[in-house]
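Chain lettering (A, B, C, D, E and F) follows the sequence in which the chains are written, and residue indices restart at 1 in each chain.
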Amino acid sequence: MLKRAPIVLLIITVLIPAQAGASVEAVQQNLNVVWTIMAATLVFLMQAGFALLEAGLTRAKNAANIIMKNLMDFAVGSVAFFALGFGLMFGESNGFFGTTLFGLSGASGDSWIYTFLMFQTVFAAAAATIVSGAMAERTKFVSYLLFSAAITGVIYPVYGSWAWGSLMDGNGWLENLPTGAFMDFAGSTVVHSIGGWLALAGAIVLGPRLGKYGRGGQVFAIPGHNIPLAALGVFILWFGWFGFNAGSTTVGDGSIGRIVVMTNLSAAAGALAATFTAWVAFGKPDVTMALNGALGGLVAITAPCATVTPIGALWIGLLAGTLVVVSVTFIDRTLKIDDPVGAVSVHGVCGLWGTLACGLFNAESQLQIGAASTGLLYGGGFNQLISQLIGAGTAFVWAFGLGMLLFTILKHTIGLRVSESEEIQGLDIGEHGMESYAGFQIFIAE
Amino acid sequence: MKLIVAIIQPQELTPIKEALVHKNIFRFTISNALGQGAEIPIHEVYRGIAHDMKLLKKVRLEIAVNDEFVDQAVDAICSVARTADGTGHGKIFVLPIEQCIRIRTGETGVDAIG
Amino acid sequence: MLKRAPIVLLIITVLIPAQAGASVEAVQQNLNVVWTIMAATLVFLMQAGFALLEAGLTRAKNAANIIMKNLMDFAVGSVAFFALGFGLMFGESNGFFGTTLFGLSGASGDSWIYTFLMFQTVFAAAAATIVSGAMAERTKFVSYLLFSAAITGVIYPVYGSWAWGSLMDGNGWLENLPTGAFMDFAGSTVVHSIGGWLALAGAIVLGPRLGKYGRGGQVFAIPGHNIPLAALGVFILWFGWFGFNAGSTTVGDGSIGRIVVMTNLSAAAGALAATFTAWVAFGKPDVTMALNGALGGLVAITAPCATVTPIGALWIGLLAGTLVVVSVTFIDRTLKIDDPVGAVSVHGVCGLWGTLACGLFNAESQLQIGAASTGLLYGGGFNQLISQLIGAGTAFVWAFGLGMLLFTILKHTIGLRVSESEEIQGLDIGEHGMESYAGFQIFIAE
Amino acid sequence: MLKRAPIVLLIITVLIPAQAGASVEAVQQNLNVVWTIMAATLVFLMQAGFALLEAGLTRAKNAANIIMKNLMDFAVGSVAFFALGFGLMFGESNGFFGTTLFGLSGASGDSWIYTFLMFQTVFAAAAATIVSGAMAERTKFVSYLLFSAAITGVIYPVYGSWAWGSLMDGNGWLENLPTGAFMDFAGSTVVHSIGGWLALAGAIVLGPRLGKYGRGGQVFAIPGHNIPLAALGVFILWFGWFGFNAGSTTVGDGSIGRIVVMTNLSAAAGALAATFTAWVAFGKPDVTMALNGALGGLVAITAPCATVTPIGALWIGLLAGTLVVVSVTFIDRTLKIDDPVGAVSVHGVCGLWGTLACGLFNAESQLQIGAASTGLLYGGGFNQLISQLIGAGTAFVWAFGLGMLLFTILKHTIGLRVSESEEIQGLDIGEHGMESYAGFQIFIAE
Amino acid sequence: MKLIVAIIQPQELTPIKEALVHKNIFRFTISNALGQGAEIPIHEVYRGIAHDMKLLKKVRLEIAVNDEFVDQAVDAICSVARTADGTGHGKIFVLPIEQCIRIRTGETGVDAIG
Amino acid sequence: MKLIVAIIQPQELTPIKEALVHKNIFRFTISNALGQGAEIPIHEVYRGIAHDMKLLKKVRLEIAVNDEFVDQAVDAICSVARTADGTGHGKIFVLPIEQCIRIRTGETGVDAIG
């Protein structure tokens, strides 16, 4: 089975390489560093993508607050993951989580670990920032900072150690299932579902925004204030996702081209499917659904991007795009859980779908790569699908359970939600004492 | 015929609209405004400099009604706002209208108002 | 003559390379993949650049529609080019177009083809998206989707097969002219002029926006609603263009530095020339003209970027920047064709100029690269210029002719233009049932 | 001491490398080119970051003007640095500045020089654009163009030749101090402080914006008009900074991972420190201060990014974030110098701090890199700190002194400041005859 | 002197302006408003949730005129809008003005209006 | 009671506010407007096409006052604007108010105005 190149291949280190005697291996290793750092840089920009998407799909009076939350969760996350999370995730494991490498202490002189830390840091921050969208427009800033630290410092890395620990010094139980290793190449579950299920817990504990649901159970729309900004966010996310998926090789070789193609096909199919689903269901092609559809396709292809065919990628994206529309509508109208940007549907639900899709669409032998992880539809039987179910199920229990606990504790201690009058006035004024669009005339009623 | 001009709090617009409908007043026009009154200013701090937003956001509500509806409209508006404490709930001004024309049909007077 | 490295050099494939025995050639090939994928990623973001530029230079009531069109043409284009266009362009040619590689079927196990497909996909989408700017604020969404598919699926790839087919399995007649191969290193003609001439056809068939021209023939300005957004779009385009031009080597070697320098000098010169031309002509330095000038310089240098000197690049950019202002004014005021963002001038006219510039400024021998393609001004005679004229002329006939046909058919079948009342109200509400800037007070009259 | 790889190692050139017989050195050199060009591309986008940040933190009526200034200083700078600055900075030195390589004349056939020129061009433009923020909302456009040319053509490169000349053909006196070479790995002083001190001179000569200070000495806030745009600018800057710092190796090897980690930790610490400092000082977490704090952390780590430990990076960032808040407040309220975006504090003050931090936190021997430049806190004595003080002090005298001279001359010749009525009406209308947000209702009073 | 306050459709502003000029009425003030009347609401769907925009965009036109110009102004406004069908074309309210002052010169009364 | 509606230049709002405070007038409401008058239009050029912004940005100031304050309010407004040259300084219209209600308390008449 194709996995990310284990670290043992990578620890050949050279410091100033372009000299006589530098080996081919050393140059390839340098190429891997360059590629991985470029990919990490692309993934970093996804933080801006999330910020714009979330700000654009909510109201003008909360825009600065949302942006600030995205900035801060990256800052908090960078420090928390460096100090704590990286060790929990990739240190030598006690069977449950890693116990070394905190603050990089005890790291070998090898420089690869820095590159790897950087790449993993931007992943951890992505998991945290997903949550902010579902909890937008009503969450206390100070509570947000605290649970951001908890996510990047503990919740995400512990689960990560189970699925990905062996990429460095760890060893996760999900990598050693009897039905074969749980496969999540770039994090449909590890990053996105974890983020999505935490978001679900947050949205439930918080409750809906004022004015979202009528007393009689009517559902009201609260339109986002800046669609161009939201769309720019999605373009940036799509851009960053090339680094997210193809960078997860951490090796600069021919396979990254294939991964990028699959990523792109799934995203395109997701955008198309969501557009047409919304067109049929609601009568017009909804722009925000198209944006969510593209993201759904991207989230879903994240796990199987390295192991499926182009046709597989198209199917995965098409289903993800349809799923997003159905899921957003179901969560919003039937469950009456208020998720302003659709984070649960995009990251939780499509992440789940993508993870299971490995068990259906994997086609390693057909692609002539690695050993043979073959999904159900290519005649590989149920084993891989079972592993996927175990991994994805574990993620749900862990993230949703811990999320409910964490948010409930916060709610009853320092409080999770701003006051009603602050919510009406907007969190920009309430939390930060400022306006996002000073001078612009904005109808704040309605 | 009177033109009722009410300066209200933005967040009270929705309940006021509902109250008006209860009194069978369905037509009105609103616009954004900034108001200065006796209300406590919002305290903003921008890059460390405190500045009080003396001009607060208000909604300007215009309702043209026949004379017999004036009291009902005023009551509807006041009913909502009066429940809240604090200052800044605004004012209602009643102005005389000499003539009213419905643009589409050219109807005038009391028929045109409703 | 320096051409993009033909594919025969590139098919050395290795899958997991950083192992004992990996060859120098394999590592270089991996480097080529990394570079080409990074470049493709940069070019992808140009899609966002176009979206912002076009949205910013038009009115607020149509912003979501324009953004949606840019998102959708990429989604449609990714699928159409994968399924159809790539084969037409790079499959084995029947003399007129390629006939293999549809949906990558029959591709060898070599992973390079994925990388190449990705790079070519983002190019195809760029050609399509150029058209949306010229047709902004009045085109039916469903018709737009259809002609987007036609452009990326057929119109662009067929022309592309003539000029670039031999980069893979094809063989184009423009590559075998008696006066020497038609040169278009990164696509001044293949991508930009094709897009620009299609845009011209579209703008003609659609007719001007309501209120653009008075009954007495007066010309009215319809100012764009968000100049900062438009400018961000141009910065992003400039950023992506480094990938567009230098990535067209598909080889990571020393020549990319030279190409990037030429690209940048021409863009800078274009921005300066347009600013000063507008300053002199209209009395003030118009920001939108400066933006168009930078793009004009970028479009013009796209063909000659690999074969001219820095001084040549400066001249090409200066003339492009001047040309843009003259052309925008001429098309708008004299021809009375309504092109809201200047797409015809930037992509059509400057693409033409850049293509011809190869015949004037090529200086391969002076640069000591490749064999000697030398332009007229460096004493190389008329041959190259004639080849350039043939290539550029063919592009005009093909794209403008087919565009007129296609748009006229659409006009008389499902309709190309929204209703008058929808145009007045804005396409955001008419086509998508939403507003771009909910809550903001916008003067929609005037 | 680790320095950027001197050029002698890099001049091995190959043109079409992926052929039999290509050497390992040649492939590594190609990798260096790819990495440096990618880094330059990232740094290019910082121009957009600055434009958005500055536009967002000022008023809507001046947004197009600010964007235009950022576009134009890059265009002017690209040409001026190519024609003049690069030679002054990296040509063979007469002891005071370089005297060859103007317009690349006399450059060897080696293609590395193009790559190096591109990387240096984007650095030069960054120094120029810093100034525009401090002088926003009141500077004449034509004067701005002139001093942009002076900065990128002369002021920046002459200082640069003293500190970095030996990276190519030059030889700077700051590289040969008796206390050891002045260290500024990626330009805390060379780029940022130079820009910051010029900005200080500009803000002083211009005087404050109308309405900024009351007759009785009261300080008024002039809120920025678009916080999401400003925040996007900061995300883009952070993104570009990975190229800024790690690209300064101009070598693609394992050290870039370490540099990126240090850069990120310092930025994160800066954002956190500024947020909490503002929270304590002003009662609420100010978003614009958080943005400035992140930038402060980035500026400060620019010099020491290659030579400090993660703990060192965190301290450098924490102090930078705190310093920014203190400095902004001090300059604004006590000195009453009106710097609308905090450019002096972020680039001047934090650049100074970062430069000195090399003398305190350098830990090359502990990191097992290069020879041993060890700062005071790691037991390395005062030598490095003294060199840093000399370099930073020289920068202040050179940039601030020349800035005062230049701006005063401009003020008394063609004029530096727009008329009072133009300032009230906004520079978009006054300088460019247009509006940034046509159709939007904006309160222009207050 | 009268103050004519007309609530009109945004898209009818340009022809109304032209019609006013034909009647030698050159001075007026406009502002944005949202109106609720009898008109058919615009149907928006945001993320699958239909919501009717009951408050529709309107333009508020204020024209201060001497008494003899009232009918001409009203005619000019109505002439344009009446040609179209549908609802939502708005209303005109005529209010009495007691005094009018030109700020620049201090002129008052009928001289100041024009 | 009168409603003073003044159309003023945006940049004159701040000094006018100060002048009003000097006359003990603390309460008012402002909104954005576009005005067409005799003033010289701002000359904009967009992509080479000159277009005169005939509709210039104005601020609409509404002050409800008791009768004895009318002259002081008018004076305050005029004092600032009259110092400047040019045209476009706007107009003041004084309208009669029949009734005024403070929403919060229900007070009416002269007590409610202040």
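Quick note on the criterion: contacts are C-beta pairs under 8 Å (C-beta built on N, C-alpha and C of every residue); 3 or more make two chains touch, one makes a residue touch a chain.
Fair warning: this is a prediction, and the values are worked out from it, not measured in the lab.
Asks: Spelling it out: a chain qualifies if it touches chain C and also touches chain F; which chains qualify?
Replies: D, E
Asks: Which pair in C-E, B-D or D-F has the same interface as C-F, with over half of the contact pairs matching by residue number?
Replies: B-D
Asks: If you tally contacting C-beta pairs, which pair wins, C-E or B-D?
Replies: If we tally the C-beta pairs in contact for C-E and B-D, the bigger total goes to B-D.
Asks: Quick check: how many Å separate the C-alpha centres of chain D and chain E?
Replies: Once rounded, the distance between the two centres reads 53 Å.
Asks: Calculate how many whole Å lie between the centre of chain A and the centre of chain D, each centre taken as the average of the chain's C-alpha atoms.
Replies: One centre to the other, that is 33 Å.
Asks: I'd like the Å distance between the centres of chain A and chain B, where a centre is the mean of that chain's Cα atoms.
Replies: 46
Asks: Where the CA atoms of chain B average out and where those of chain E average out, how many Å apart are those spots?
Replies: 19
Asks: Pull out every residue in chain D that's touching 2 or more other chains.
Replies: Touching at least two other chains: 24, 27, 29, 31, 34, 38, 223-224, 226, 282-284, 286, 288, 433-435, 437, 440-444, 446.
Asks: Quick check on chain E: which residues sit in contact with 2+ other chains?
Replies: Where chain E meets two or more other chains at a single residue, that happens at 30-32, 34, 44-46, 55, 95-96.
Asks: For each chain, which other chains does it touch, given as pairs?
Replies: Going through each pair of chains, those in contact are A-B, A-C, A-D, A-E, B-D, B-E, B-F, C-D, C-E, C-F, D-F, E-F.
Asks: State the interface residues of chain F toward chain E in the complex, per the touch definition above.
Replies: Residue positions touching the partner: 2, 5-8, 31-38, 55, 58, 60, 70, 74, 77-78, 81-82, 87, 89-96.
Asks: Under the stated contact criterion, what part of chain A meets chain C in this complex?
Replies: It comes out as residues 5, 9-10, 12, 24-25, 27-29, 31-32, 34-35, 38, 42, 59-60, 223-228, 231-232, 234-236, 238-239, 242-243, 246, 251-258, 260-261, 264-265, 267-269, 271-272, 275, 282-288, 290-291, 294, 310-311, 314, 368-369, 437, 440-444, 446.
Asks: Along chain A, where are the residues that touch chain D in the complex?
Replies: Counting only chain A, the residues touching chain D are 13-20, 22-24, 27, 29-31, 33-34, 36-38, 40-41, 44-45, 47-48, 51-52, 55, 63-64, 67-68, 71-72, 74-79, 82, 103-104, 109-118, 121, 141, 226, 229, 428, 431-441.
Asks: In their complex, what parts of chain E are in touch with chain F?
Replies: Contacts found on chain E: 1, 3, 17, 26-32, 62, 64, 95-106, 112-113.
Asks: Give the list of chain C residues in touch with chain F in this complex.
Replies: 219-221, 223-224, 278, 281-284, 286, 288-289, 325, 328-329, 332-333, 342, 441, 443, 446
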